[in-house]
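Shared between the two complexes below is subunit A, which pairs with subunit B and subunit C, respectively.
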Partner chain A sequence: MNFVFAASIEVVTGIATLMLVVLGLSIIFGMMRVINLAHGEFLMLGAYTTITATNHGANIFFSILVVAPIVVGVIGLLVERIVIRRLYGRIVDTMLATWGLSLVFIGVVTTIFGNTTEGISSPIGPVTIGNISISGYKFFIIGVTASALLGLWLLLKKTRFGLIARATMQNRDMVAAVGVNSDRIYAVTFALGAGLAGLAGSVLAPIMGIVPTMGAVYVAKAFITVIGGGSAILIGTISASAIFGAVDRITSFATTPVIGEVALLISAIILVRLLPQGITGRFFRGGI
Partner chain B sequence: MIAFAIKYKAVWAFWSLALLAMLLMPQFFDEWELLQMMIYVIMAILALSLAFIWGVGGILSFGQGVFFGLGAYSYAVAALNFGETTGALVLAVAIPALFAAALGYFLFYGRISDVYLGAITLTVTLILFDLMNSTSGPQYRIGKAALGGFNGMPSIPRLNVPGFADWSLTTTQLFCVCIGALAVVYAGLKFVAASDFGRVVVAIRENETRADLLGYDSRRFKLATFVIGGGIAGLAGCLFANWGAYTSPTVFALGQSVQIIIWVVVGGLGTFVGPILGSFLIEWLTNYVGAQNLVDTSLILGIVLTLFVLMLPSGLVPSARQVLQSVTRRWGTDSESNSASTKAAREIATEISGGRS
Partner chain C sequence: MAHNRRDFLKTLASSSAVFTVGPGLLSTKAFAADDILVGGIHDLSGGLDLYGKPMADALVLAAEEINANGGLLGRKIKLITQDPQSSMQQYTQIAQKVALGDHVAVVMGGMTSSSREGIRPILDKTKVLYFYNTQYEGGVCDRDIFCTGATPAQNLAHGVPEVIRKFGKKIYIVAADYNYGQIVSSWVKKYASDNGGEVIAIDFFPLDVSEFGATIQKIQAAAPDQVFSALVGGAHLSFYRQWAAAGMNKKIPIASSTFSHGQEEVVLSAAESDGIITLASYFESIDSPANKEFLAKWHKRFGADYPVVTEFAAATYQGMHLWAEGVKKAGTTNRMKVIEALETGISFDGPSGRVTIDPQTHHCYWTARLAVCKDKRFDILDVWPDQPPADTQAVCDLTKNPKDDQQYVIRF
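Up next, the complex of A and B:
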């Protein structure tokens, strides 16, 4: 019983982590069709921001939840204004330019912080439930992911900005014709995606070894999960992450983490082969 | 007919250059310098493999490193087991080609294209990277060859003269083999692109539905294109394993596959000379910036790549051709007879984009 409980917490944490990592990319790729290969580096920047802010005396929760997303969001805004806005509609070029940007980020961070592994200790200690002890930080991850999903749903579905943003992604010219500055919408949406990636990086910072090249681990996994999810951003992210995250964690339990990751990737390939439009291309159509 | 003669011209020019390089460079450079230059030639072969499947076939594979790495590992395992390397060389081309056939069948017969194809090939790269990294330990071995995990496989024997296991090539000879391989691959791809098969492949790239309706099974043609590209990348991998007598899972790393795409884009998609030049340029830049310890290598590479995409999206060779064309147009009124080079450039451009003249 205890084992089942501990295992299910483990699986849910795995799913939540994957969702959080994917969310920023699903906005940037799913809504804007920009293959953002710098997604992993946005995560990395979020993690470094958290470390730096905490080491300079900021409260760790403040730096995880507020400082890192804002800093990375602003970086995303700059990137969009300087580079990405020239490349909309040229999907391969966005990929190459963002790969270039990811190298730039790695280079800058290596120059500033050096090529060593950094880390901060987890702010929440173990929690004892019954007679098993679980890291309380896992509940924090699950909580942050749930709030981020809820917040994003409210933003996209219930606000004027969300309505305009969704309309812009559907038909940019039409939105521009009725007098909306679609350039600004693109910029804000990209910054939002980058900020969410920064949040994911900062939340993962206490449980990861942080190096300038840490982003490479995430970008492909995030990319295939977004593709697997399909066109509906939120439902796609949730469903694809749930499947892949569960496969990963359960296989990891049974074998090794490497085999778990391989199982995730293989299941993603099979899913994309069976449903090229992603899960939401077949099910939950019309959702967001 | 003219088009054909000009195509021959490009191939002859390339072959003469290659022959000159084989004859002259060993006179002027010592073995160490030849070894330094050999890697450029090997990477150029790798660049050609993607130049063919992406530039001619329109298939953007994120996983060209898969075939490169499989070639390197197949050669390493086979050479360590057989002792004699001719079979290893054959396997280093055949295994990646077979893998490309299996993967291509899975992809093209499932009508996977565009971004989805990119995502799947990218994922396959990662799977192999993960798997090869986790093969450290004595239990992971194929015959006599230990796979070595993230430490890679050291002391891979060099190619020998077919049939004579003790007669290994010297560095100079290996250099000539690499140049020869590049020349053969270049000419081969040029001929394939100009053949009937190549024209159908280009037609499919331009409009798959139309080609299908004309009665060409686009899946079969794309599969064949993919397999040819896979085999060539495997050859490059085999030479790479020869070059350093070493291979490690980094051949499957994401960076390796993306690098190949960068070469093609920088040189010019849709040409063959372009990606070769692109690979030379980027490799040189990487080495040059890496050698001086002032700035971080990836910082410079990243800036160069980003600027390239923004300023020169069609790549070096096509842009240079455009400049050349506009210059000659301004200078001579009867450009028809006057500017053979522009005409040649135009021919090659139409050759690859599928026009007949």
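Up next, the complex of A and C:
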């Protein structure tokens, strides 16, 4: 019984981690249609920011929840102003440019920190349930993910900015015609996506070995999940992450993490074959 | 005599009148009379630089030491240092270059097993002696190479029975999913069952897996007496971190044959790494005059804040000295004569203890150690000197079959 409970926590954590990793990309790729191959590197930058801030004496929760998302958000803003804004609508060119960016980020971080593994320890101790002990940090991950989802939903659904942002992504010219500075909306939305990616990286930092190339592990999974989710970014992210994350973790329990990843990919292929427009192309239509 | 001729040639060469005589005479003989060239091929950039840099530094230290003591056969050693940039293609090109272009007397280097297997045939063909100074999976059987690093059987033969005595019989293995991890797991299994222990499960992980939550729950459910880790690299480091975050480091002990080679103890906090048992041959904390002298020289040469002197660095330092002993004994740098001299079972008392060349396999007898990580340092608990390379000995006999030239896969 305890084992079943611990296992469910593990599965929920898996889903939450995937959601958090995907959320930033679902805005940049799902909403803005920018194929951001540097998504993994935004995560990596978030992780390095957390480590650096914490090692310089900042409170670890402050560096995870505040410093890293802001720093990476600002980097995202610069990237958008300097590179991405020239490339909207040119999908192949954005791929090339963001791939180049990812190489630059990896190179710069390697130059500064070296090609070595960095890390900080988990700030929350273990929790014992019966005779099974699990890391208390897992509950923190679940909590952060839930808050991020809720916050994003409120932002997109309930605020004027959210409304304009969604409208801009649907019809930029029309929004411009009614007097909105669509350039600025694009820049802020991109920065928001980058900041969320930074948050994901910073939340993962205490449980991972951090290396400059760590982004590569996440970028493919994130794209698969966004495509699997379909056009409604929030509901799409939630539903696709729930399916893929659960498949991954449950299979990992039954076998090994390798087979878990294989199962995730197979379920993604089947899903995209059955629902070419993603989950929200068929269900929850009209949601966010 | 030699000096006169060289000076004479220099004068000739500079007066361009005799350029036509130059090449034939200058090529090998003029150089050979001067320095002994040693090729060092280690990754100084790219993904493996963390392992390669200390090895290249070790080579510099050993060469400078030999030169300071009067050189070899009255000649100085000159290093030809090359950086293959963690790329296999570069390895083969560089091996060709140092063998055919520089005419080195010996090549020291190669990191991964694939890099070794890339350059070994080239050095065989060009008849250049090759020293491979890395801990590896064992089984290379070739008279033209000396593998001076430790192999799995050396560290595990006494280490596994000892951890069974310490912690109990039921072992859960987590290992990296490539030949090294697979082979080490097989040896742990063999030594466990020979000593009344039992391996209850083995999980393999590709090098990029960094999420171990499910595995940690499975290990708890299986309730082993200990976990044996042959995990490798930066991603796998998260295992130790997640293990500690789940509070497991207080409940089930970990023994490992790889912990410390990637400087894991430097990255992890003391709370996360305390108590992890490591089976290896070299630790900075070895309390011997030879090691203290070695470290003092090292820090004097490369700075007091040098991160960690690794086992690979110690092995490279010792490999260079073993070769130098062979050259001294042979009285020449001629490849076959040096091989024959080394095959008499030459020893060197290095920082890791005495290393002795095994004529049968061209591997080395090493000292094996068991240490426990404490406050980011290693306390050495057990020492087993002169461990034979039993794994390679089981399949390879170069005294009986000197023409053998292959890497055996050791089967169980």
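The working rule: the second predicted complex is superposed on the first by the 286 of 288 C-alpha atoms of A that agree within 3 Å, B and C clash if a C-alpha of one lies under 4 Å from a C-alpha of the other, contacts with A are read in each partner's own complex, and residues count from 1 in each chain.
The rule is simple: a contact is a pair of C-beta atoms (placed from the backbone, for glycine too) under 8 Å apart; a residue touches a chain by one contact, two chains touch by 3 or more.
Computed from a prediction, not measured in an experiment: that's the story for all the values here.
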item	value
First, second, both or neither for A:P126, with subunit B first and subunit C second	second
Which superposed partner A:T256 touches (first subunit B, second subunit C, both, neither)	both
First (subunit B), second (subunit C), both or neither touched by A:M208	second
Partner chain(s) touched by A:T117 [first = subunit B, second = subunit C, both, neither]	second
Touched partner set for A:S135, first subunit B, second subunit C, both or neither	second
Subunit B versus subunit C as contact partner of A:A7, first or second or both or neither	second
Residues of subunit A that lie at the interface with subunit B and also at the interface with subunit C	216, 256, 258
Residue numbers on subunit A that touch subunit B, as the complex places them	35, 37, 83, 86-87, 90-93, 96-97, 99-108, 110-111, 216, 219-221, 223-224, 227, 256, 258-259, 261-262, 265-266, 268-269, 272-273, 276
Footprint of subunit C on subunit A - complex, ascending	3, 6-7, 10, 13-14, 17, 115-122, 124-126, 128, 131-138, 206-211, 213-214, 216-217, 249, 252-253, 256-258, 260
Footprint of subunit A on subunit C - complex, ascending	46-47, 49-50, 177, 203-206, 208-215, 217-218, 220-221, 233-238, 241-242, 244-248, 251, 262-264, 267-269, 271-272
Subunit A contact footprint on subunit B (complex, rising order)	60, 106-107, 110-112, 115-116, 118-120, 122-127, 130-131, 133-134, 253-255, 258, 261-262, 265, 295-310, 313
